[in-house]
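In the part that follows, the structures are each spelled out as structure tokens.
Paired with subunit B in one complex and with subunit C in the other, subunit A is shared by the two complexes that follow.
Here is the complex of A and B:
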């Protein structure tokens, strides 16, 4: 009796350890398939879809959304939300532009100031959420207004043209922003699934009270996540500013919703406790390919938005079914 | 009082009801006469509330028949029972905090004209009813949330009284009332009796029952023990019937060497739930904590653990002269205090996560290097802990949600054992788990005590406390009503102590 118990345990441990690669692939297979299907459809439907320029355009466009989506994934996993990312990106970009144009500071210092601006916004969000136990929705909605206003104040509501001094980061057609985004996705996934911090994040999102009663203070963990989101948003600001060679106080409008949509398509739960950075990346790619493909097929902007909206909702419904199926063998 | 009240309005025969894992009622007979107060008494879980709920249509019996006024009676829902004149005022408040007192009282039938509430009429009618229960000095237009808990209880009762009924069931109506409010309630009960309403009165407070009831039905473990007129009963007689005299005392554990004091609590206060609680627990000792529902046991433990902030009082650890500074669970765990909550699903476990991750949560520093998880070490730690506690699972990768209650409890224990605290507080660790798992948990408690840990074991099951504990502390109405040594206790003494605080309150 005892031996069979042990044997069963032993075999199940083996089964778990050996095929770690297929399990890893299986998690993303659905998303990759959806992306592949989209590519095939648009490849057939739009004649000039499979061109280098087209992919380069998509890759460059998704970089900043991807980086913000990584931060948003962490925030959603702790059952939070950050509505301020679009405005914070504009503010961080504005700081970068003003440092260079108005004060003539060198690029590294301007970038440091830009990142600091993002971190400060994240810190403010996190401190208010943890100190006064306010819902992140409200706090970051406030920050959305504050940061947007601040971006206009910093730039006097004017777009700061920086020129090639900052453009070097983006490079000409070199895809550097995309590479940076991919590296951040990989690092983000490693932090989430391989570090103590990542484990705490999932635990807090799963059951904050249980974590607190286990003698672990959830507040620094939540604070850390908001700071991380602000920091990543500022990196996105550097990249988008470099690509435009200008700091626009109106940049990033609607970015928060695009990022949340991508993360949700990737299967991260708004209720917290569950999510994957790599899946969020697939979510960003799916939306971007969908939009690019539709516009190449000559679909107008309004129709595009209707279709994108339907895809977001359909993706979440599908994800729910997937989880229900996985949960059914429960007694 | 009894004269003339011979017409039976409700009879129930052979009522049985089971919940998953518990036989709440088995073959209970009950009847109620017009104009009679019929009290239901028994220990926690004896089945009093369940019986009242079945009568009021809130729950449905598995077997058994009821008759109301000579007609077959089988209410499909609470509303159905109310339509037949059977009402129940539940133990927990069912008021809507943001609505006014008047709106709550008449929530089911707000006077209105074409959907627009007639507030003049509403508040007028509410004032009349509120006067009856002594709430005359409260404006019916105040929000319920601004009232004290006792006043809210009276509003709940007022809402029950506001509707014409033949049978009114009151479940622990006096639990949070002041003496004056109780007096008013009794006055109302007498008035209802004169109107020939049959009243089912559930209470822990024996003195109150002796005072107001015409008949007393005693339930124990879901069985009918006795149904007799009050004048043929004594308080002690009722307590004896509640606890049962025929119980052989099981002893699962031989008391070992008890070491020095591990934790000493002095004058702990928290609102009216914890009042001047002081006690000590020694290394190698299992201290049981008994008491009725709402006696402040969980609140006391939460305050010691820092889960709730105590108003005053101090906690001393292992003979320290300096009080420990515990303001959060984090402080408590760092001082070596573990608290295994009653609500293991809601507060103890990360349900959807793997057993492995639940076990390692509190010691991630031990299974990581420079912030990176060492998963193979984590697995071996989790496997070892699961083995030691014989957690039945396919592997430690299985999610905690998929386990049975007993195995979930073992995961919680495994997690805390891995953290290695000196004082372990178990709050109802055997609640809702099967008998086999219960005995495994008793064994664990014994082993921990042998290792020199100090154990505090909160339970509503007196039998298990008497089987495994060295001493039993009894709490009543937020205070320590007595601490009994193994050779000096009896079920009767413990039960009498558990009831003492509430008796003192109502006298």
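Here is the complex of A and C:
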């Protein structure tokens, strides 16, 4: 009985936060519009931008970041942060590469080991955060170092070239990584907006103390979110390793910031309690299109970084502005 | 209860740290042999790992002659950390510092201070900037390969497979490194001599994923590209993946540099046309031997060139 009551309460919190239907569409419309503007700019500025190969390339490149961004969205919604995703991706990839190259294990077993590595890292993050009530920033910062070091230990600091044995996953122009990423985005959004777990996540991010006082233990929820993030990061590792056909212990450097930037562009609040997986996906696409377009125009790396930084800040300002407009008429 | 836990853990960590630090500290104090510090770039990079292994193997055989301290930085761009390392090595009383600088300019003042303190400094791998050395009025002997020559060798091998006017692109290393610039220049020398058309030259910052992204964009922009010259093998791996994804593996030739283990298979398969070996394992050894020589007779420092070799499927 008590649980259903709490569920109802959590649901009503969520319902109040859910924007009305037109605003909901407007949310995505804004992001889609921003993306369209970028596409038009690059279509005019760079040759061969509107080609099938180009979109296929971009689609394949965004898949790993997208999957990590889904996990990051969940973590940010519970007002947490996971700085370890880049290193964990390198470690999971390193495990995959070492299993196949050094021990000659078949692909399915290597993938299982890779996913297990991701889950263990997520579990460690979650357990330390919930058991000692440490800020996730500190804990995952520690994990960032641990996982990176472990990735180098596992591979002996050598890039492992695996070859087409793992490349089959990425396919040739078959877009499998992208399809996997899109499925994960859809599932992630469904979990977030249609399940009890998803509503608890939003509730924990909104007011953890209130959740606890309502008789729901927030710790398993937080633990679950960190494990999920680790698991998704490992899936991203499988995909990126398959795409490169090699496992690099230095892979994923700076991935955490790229993922956080994408999620924040998508309007997810760093303060927790608000966010959308689909919007994060748009955030990833905006950054990817920007990077690919600028590279094609031959813009130098430093300029590219300046422009990307400006776009991130502009996007968040726009998002704030949009939310303020929506809030002001009804105090 | 929770507080006790915290104290217990901090005490434990402190004890563990002390135990780890003590023995190394004691060992150093006892020896009278000259202490040679090998200061490398990122040990995360296979190249420097090989260098370190080579130095350790050499030290094992000549353990009576000198003590070795091998240190490196976390990532190649962490210049400030490397400066700190040089200062620490001087403080530890190293007789000689053999350094592969992460930045050809920024490390010069720190090395000058070390020399003023009486430490012999040998520059390996990545050469210090001439202008800065002249400005600081120091001369530091360079022991290492001619990267420009190495890149030219690889470029000339590639040129044999190209026609005049063919479109090629260069994937550069980090733009603030001397060896990155030298390799780019070497590639350019060979391509200009062959009459090839360099349509794009962008930095992949030595990284596989970064190079992959840049190469994908170049492939989209330049449909008739015939070859990619990458300033290191990690970036060549990223380029191989990008051409494969674009379905152009057969149309585009790829050149790497460094001869890391991961490219061996690709060289045999023809995925990578050629790479350059500058014998990382020997590089630090040459530097150490040179340092021992200088410590013994304090001779006038001169540069010493180490070999670079072209590696193709045939030479493997």
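Here is the rule we use: the second predicted complex is superposed on the first by the 305 of 331 C-alpha atoms of A that agree within 3 Å, B and C clash if a C-alpha of one lies under 4 Å from a C-alpha of the other, contacts with A are read in each partner's own complex, and residues count from 1 in each chain.
Keep this in mind: contacts are C-beta pairs under 8 Å (C-beta built on N, C-alpha and C of every residue); 3 or more make two chains touch, one makes a residue touch a chain.
Note that this is a predicted model, so its numbers are computed, not measured.
Q: With both complexes overlaid on chain A, does A:159 touch subunit B (first), subunit C (second), both or neither?
A: Touch status of A:159: second partner only.
Q: Which partner does A:195 contact after superposing on A: first (subunit B), second (subunit C), both, neither?
A: After superposing on A, A:195 lies in contact with subunit B but is clear of subunit C.
Q: Using the touch definition from the top, say if A:211 reaches subunit B (first), subunit C (second), both or neither.
A: After superposition on chain A, A:211 lies in contact with subunit B alone.
Q: Looking at A:47, would you say it contacts subunit B, subunit C, both, or neither? Reply first, second, both or neither.
A: Once the two structures are laid over each other on A, A:47 reaches subunit C alone.
Q: Which partner, subunit B or subunit C, is in contact with more residues of subunit A?
A: With both complexes superposed on chain A, more residues of subunit A are touched by C.
Q: Based on the superposed arrangement, let me know which partner A:274 touches: subunit B (first), subunit C (second), both, or neither?
A: After superposing on A, A:274 lies in contact with subunit B but is clear of subunit C.
Q: Between subunit B (first) and subunit C (second), which does A:320 come into contact with in this model arrangement: first, second, both, or neither?
A: Touch partners of A:320: none, neither subunit B nor subunit C.
Q: Touch check for A:298: first (subunit B), second (subunit C), both, or neither?
A: second
Q: Do subunit B and subunit C touch any of the same residues on subunit A, and if so, which?
A: On subunit A, the subunit B and subunit C contacts do not overlap at all.
Q: Using the touch definition from the top, list the residues of subunit A that touch subunit C in their complex.
A: 46-49, 51, 53-54, 56-57, 60-61, 148, 152, 156-161, 163, 167, 170, 172-173, 240, 243-246, 248-253, 291-292, 295-296, 298, 300-301
Q: Which residues of subunit C touch subunit A once you look at their complex with the stated criterion?
A: 43-46, 49, 75, 200, 202-203, 205, 207-209, 212-214, 216-221, 223, 234, 237-238, 240-242, 244-247, 260-266
Q: Name, in rising order, each residue of subunit A that touches subunit B in their complex.
A: The touching residues are 5, 8-9, 12-13, 16, 194-200, 202-203, 206-207, 209-217, 273-274, 330-331.
Q: Spell out the part of subunit B that touches subunit A in their complex, as residue ranges.
A: Residue list for subunit B touching subunit A: 305, 307, 328-330, 332-334, 339, 341, 346-353, 357, 361-362, 364-365, 368, 371-373, 375, 379, 383, 392, 394-395, 397, 401-402, 415, 419.
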